[in-house]
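Handing you this structure, nothing more for now.
Here the chain labels run A, B, C, D and E in written order, and each chain numbers its own residues starting at 1.
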């Protein structure tokens, strides 16, 4: 995630970080070239059919509709993903407090919370791909059961198994079992929400509809622009391509909030927040929060 | 559900999978033919009344309004359906964990969880039509009570009956009854939400309003295009028909998220996820997750 | 509620069921007549002031804004009402299961569930007007207390009274009282939500704003159309009237989701679903689900 | 709140109740006078600069954006306020039932419910200003502790104090304390929600932005209308002023849902609904529901 | 937060408080100067290429789309932040009541509630920066454990520790531990929600897209205005700059609801509301609510 102040107006046009210009530059060039060719052919080779700009207006309206819809849907996915992780942070802090209150056996409580931290890492791996196996080893310690955990579900099952052990040993009462299993269920709900966003893209047909309409529009618009903007037509075509392909590219990026891209969510930093919340109770050293590197928080 | 990367721009116009072009091709052809006829009659037979493009603009605005509304409503149905199934996956995983914690009798617990898996299959059958009776037999085993289950409600009732048996036998305490009946109620709520989406289509009047306005627009627009786009009028009419009838077709498809179509939700794959979550506790072999076939996950 | 497939394009213009054409036909005729009169006077009697179509465009934008807003708000009311009834179905099924689990006295449990069914009927009566007193008699049986129930609140109070009786008799424990009173509270919340929608219309001022602006637009637009569409002006005026008055009429219908109209919610069918869910536990014969009659489910 | 049927089309233009015309009439007159002056000066004194209507179009779009946003935000505040009160009605009914079930001491239960009714009145006073001190006296009776209650928080604290007394006296068990304190917390949440809406207006800057842009638009548009609508320019300017200032006025009214205006929520009637729900349990006569007076429910 | 009535129409153009004019004045001047230069060069030096206003219309539509989206997203962040604090107020009042009911030890209860007040201050510091260390000292008293609290999480952990102490001492039962830990978890969720809004800005790419498109539009529009508005072109350009840069500036301000700006949320006043709710139970003097100073509530 990019963390920087909005640029001053002077620097505005030269910022590349977080910009979608590099990604859509080839398309902008292509559209500009087509518009330039249309203008040149029309002036020097042979008059081409001029069309009224109003006739392309209906495309503009339809394209706004499609892009506006996709942009809203993609942003809502991104923001819902952030909310789910924010809820996970709160759940983990509450899990720590509730384990203090309800799980009186110190050893079991530490193991229980280590499962929770391992869950967070494994959940992150499941969303973004494994990136930090050292963290797993560090939190699993030498407990063979914890070392063997490979999926977030397995980590929650292990945590639940510790509750069963405590119940058998009589070190947790009914209220504690109810409270902690409700908390695990809440964590499980956030986990399933994140999985839902990861495995369910926006319906594929919208990509087709938006990209095809954008292309048809960009191919038609030079024939309208030669009439109304004259020699500036290629400039206008370039700006139109920037606006529409740019928004399409932004949308595609936000659609995948867990991807490891510039606008992806800072999963590692949020995992660290959870580690900080639980480290002391586990008896581990409290790590430092992650800082943005060059304005990027991962 | 279609799972594939957005196409490269070269292939963009040739992709048929997930495209709505095949479905609306006849309409596009018809509109193009009408526009062509209008142009030819106007040029070679007898001048037709030309109308200003601005006069058709009000249709365009109204149509954007109708289509934008329907598209949003249909997508929200689709996404809500996905959320309900995502919640069901989380509920089932929590049901497994809570049955470990609260239902101490091993035999009853396995039977209880088999009811839950059977519910998932029967729920899917109720939404999409029965497609896999072998799965039912496999999970019901030889228990006559489970074999006779025919509706998702019956499966939940059977699960509840097992809790009653456990309560009578004293192998579940008050906390357990409370926790597990809350979980069943949560599952029941997701079930009723899915049924709601399946049996309540978008109000029929919108279909009429959108289709009639689209047709009136497509019939009027050629008379405006002969003025402003000349010989290109049929091309423009074709694109307009593609955009508006295409979006209407997309909308109709997403309106029915449980239908067995290209953009339907992958109910079978999500059922499999639930089977994987519960299989081990039941003592059954853990099945493999479903993979997309030719980019389609069912 | 209308349950039928979207029409084939041929039949599209001749469907009357669910169409708002009959309701707005007089308005369409009136607007068409005015436009015709304007054209005729302008051509044969005396030239009228022509106005530019762009000048009416600002009305079009404002009207889209108002109609779009009202349409969204009305549809959301309709869909929220459906969600509340869907939640009620889930609550009633869970109530049945929880009464199995927590209310061990058979006689009290049956009476409790009969109160629940009576509540559903009385709730429906309160929303749509009483229509089926036989159902009340059938479910109340000969119990004088149940026969005298007249409001949905009274039915819930009676159900609660049965829980008090059971508590005094010691046949329900604390967990049961907590679980069942939570369920009654959830039902009560759905009830209050439905009442809210029924007694709180959309703010009256929007009706005025939309209808007045629509009329002003329809009166102004012929003066613009004589310029840009010539002799086709009455046709265009008719379509504009259809689109705007039609959407206003749709909105007004969806604004009242409990009314007994073509697009009203199928309250009787949903009540029947609840009867089916609880009949067996009460010891009554399980009724058949309601089927649509001529494509209408009431 | 205005409760009346939408007007027949004949009466439509003469309804003043609930109309915003009286409030914006001075503005409409002013704008019309300016437009008339522009037309007269342009025709008879000295030609003024004519501007193209398209140039004012960008204002129209921006204004739609601002007004559409503010209107949605204001309506959502109004509807959320109504939802919070609807939830309060449900909570109060459930509070009555749960006190039957969990609070076995008759005297304490009555006092508890009188606190609840007093809370409702005091909550209404806090939102709309005190209007009916007789009601307070009636429900407080001669209990000095209840008579002295002056804020909604104090009433809820008193209700909670009664639960503490019952707990000390042993006439309420743990389940009852949990259930009733959860209910009080739910009431407290609705209370805080209403307070939030009352003390937090829409950001002030939007008022400025909307009003300034509306004025600039209304001052610019006559220079465009003299070209495109000729002598009808003042009529058009009047309608534009009606549409934009009218919507701004509607928005401002709905922004304050608790104000004692035509479109304010019927707080007194909803308070009465709560009194009806609890009166019998308290042993007081059940009052009649409030009826609309001249189509207005307060 | 600005609390003042909407201005009368006369004063409307002279209000600076809460206006974004001062912030965007340089941009407006710059755009006006460019437009003036374009007009002067075109008239007196050398004709510049004139472009049709319709060609800039597509920018206008795209810009409305971007600005509308960003404005909605920023307002929703602002309003969600307000909801979270409103929920916090309700949670704190309920925490006070529940501690009365469930935490019978007077000394522990007071210390517990002092932790809650300290949490509120520390939470505010974490969002807006520390501004009032005297308040911390006042509520921490001379208790060394409370004096050392430095983060909101630490304050909640301390509150939880008091519950653990009470549990060991046997002065809180299972219901109390369940109720109060649920309340702490609810507070923790509100805290995490506020943190989420503070640390996650709107995706950076939208700022770039909006600002770049605004600039391109403002640079292109003078070439269109010289045709359609003549000598008034600089005035129109100024208004367009006001509308678009103004909305962008509003958006940026609302995007940061916890910042100490004119439209920031009144965190100090809401903290005071919580102090008022809990002071009496702690045995501290009840402070006065904060009043707006010059129409600003901080």
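Basically, a residue touches a chain if its C-beta (ideal position, glycine included) is under 8 Å from a C-beta of that chain, and two chains touch if they have at least 3 such contacts.
As the structure is a computational prediction, the values presented were derived from the model and not from experiment.
Under the touch definition stated at the top, subunit A and subunit D share these contacting partners: E. The chains in contact with subunit C and with subunit E alike are D. Per-chain Cα centroids separate subunit B from subunit D by 38 Å.
Between subunit A and subunit E the centroid-to-centroid distance comes to 23 Å (mean Cα coordinates, whole Å). Along subunit A, residues 54, 57, 61, 64, 68, 174-175, 178 each make contact with two or more other chains. On subunit E, the positions that touch subunit A within their shared complex are 27, 49, 51-52, 54-55, 57-59, 61-62, 65-66, 68-69, 73, 153, 156-157, 160-161, 163-164, 167, 174-175, 177-178, 181-182, 184-185, 188-189, 191-193, 195-196, 200-201, 203-209, 211-213, 215-216, 220, 223, 252.
On the subunit D side of its complex with subunit C, the touching residues are 1-4, 6-7, 9, 12-13, 15, 18-20, 53-54, 57, 60-61, 64, 67-68, 71-72, 75, 78-79, 82-83, 86-87, 89-91, 93-94, 96-98, 100-102, 173-175, 178-179, 183, 225, 227-232, 236, 239-240, 242-244, 246-247, 250, 253-254, 263, 277.
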